[in-house]
Amino acid sequence: MERDQETKMATGHIWVDIIDQPIEWQSLTQKVANPDAGSHGWFLGVTRRTTDDRVTESLSYEAHRPMAKSELQKLAEAASHRFSLFFVVIVHRIGDVPIGEASVVVGCSSAHRAETFQALEWIMDTLKREVPIWKREQYQDGSSEWVHPQSEH
Amino acid sequence: MERDQETKMATGHIWVDIIDQPIEWQSLTQKVANPDAGSHGWFLGVTRRTTDDRVTESLSYEAHRPMAKSELQKLAEAASHRFSLFFVVIVHRIGDVPIGEASVVVGCSSAHRAETFQALEWIMDTLKREVPIWKREQYQDGSSEWVHPQSEH
Amino acid sequence: MQLNVLLFAGAKEAAGSDHVTIHTHGEPTASEVLKALEQQHPALSDLLPSCRLAVGNNYVDSDHTVTANDELALIPPVSGG
Amino acid sequence: MQLNVLLFAGAKEAAGSDHVTIHTHGEPTASEVLKALEQQHPALSDLLPSCRLAVGNNYVDSDHTVTANDELALIPPVSGG
């Protein structure tokens, strides 16, 4: 993947990134390979057309970029430790993310599949609570709004 | 993907296959796309080097092929219904599967991530119980054995 | 009646063949097929208690009646994935 | 003391700026920073009760003491993923 060196954070078995372009996640899939890994898992969060009854035109994401990168790194390290992962990849895209494209890609590998599934869910749940990234819904009716879930705190 | 037409089973939003070559799963990833899908998930079961204390040289899989294809199709349909999936992909490789290569790839898409995670786990659990495919462990010490888990029935 | 039963994996290895033939009186149930396999092919007896029977592409219950042209398969505990 | 606070998303939109300045007596705690934001920037008052304060790359507790060169950020409820 060609990318600005400064935006990458690779520490041993962890790869986190915040990028402004489409996530070329297929180039990430080789990272999780390990001869002792029996299980690889990937999750992609994708912009969808409908939220409740409203039709989304596009989503746009903003980040407190240095802090978000730091939080992703901490999150990946915590997941790696907690679920004995061989590799963790978390890449979040910011800026406009059209329908059908991924805003976030999470991948990991572990000895057995139970840890892979648990880790993917835990990473996504924690990311959505802790990482300073915000989504702006741009609706087809012309309105738009920042999404600040009030139930989270 | 270039492949023998007869071995494919594509029914609307379902794609199951049993193949004798490496699984080119990246060519499968576009199948799950859907404008109303907010979540895509993938699981890869990969040959690992160690099982308990023994070192694996390779794994080899055998299938009751027509029945296994039929069972995969039923499994994909059941998962699609149960978890409201937009798409389900299940591909199992048979024959020798070297260390680091995938013996099975499962992918799906749904509106929200909860269903994606639940579906991947359920498909793998059910596949390992119901689909007539068998694994032969070829150990580095020269011995080999068919794996017939006795606790499953 | 003479019936052909497909064998796989450990069952194939134990019998030294990818199928065996059994002889039954009339149309047997699935459990009678398994019993005939045990009596007529003792090499399978270790694995048989954990096996299921399939007709065509489907598992069948123990009281399912087998007919002459059914394609039978002995399914030892599976280990795909 | 004069402190600069970075704003994001709905907070940035409400204030019409990607940062605001607050004035405090001495080195305030994080909760005193939030209080000062409410008093000195009423446009933020709707969102403030659900916001957290970050210093540098870390969330801080309400009793954390802020010093002159800290980079402060107001973090409204996040919605990434």
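Quick notes
Note that the chains are named A, B, C and D in the order they appear, and that numbering of residues resets to 1 at the start of each chain.
By our rule, a residue touches a chain if its C-beta (ideal position, glycine included) is under 8 Å from a C-beta of that chain, and two chains touch if they have at least 3 such contacts.
Because the structure is predicted, anything quoted here is derived from the model rather than measured.
Discounting subunit B, connectivity by touch gives the groups A, D | C.
When each chain is reduced to the average of its Cα atoms, D sits farthest from subunit B. In this assembly, the C-alpha centroid of subunit A lies 26 Å from the C-alpha centroid of subunit D. If you average the CA atoms of subunit B and of subunit D, the two centres end up 49 Å from each other. Among the residues of subunit C, none is found touching two or more other chains. Residue positions 45, 124 of subunit B are each in touch with at least two other chains.
Screening every pair of chains for touch gives A-B, A-D, B-C. Chain contact summary for the complex, subunit D toward subunit A: residues 6, 8-10, 13, 47, 50, 52, 54, 56-59, 73, 75-81. The touching residues of subunit B, when paired with subunit A in their complex, are 26, 29, 33-50, 99-100, 102, 109, 111, 113, 116-117, 120-121, 124. Residues of subunit B touching subunit C in their complex: 45, 61-64, 66-68, 70-71, 92, 103-104, 124, 127-136, 145-150, 152-153.
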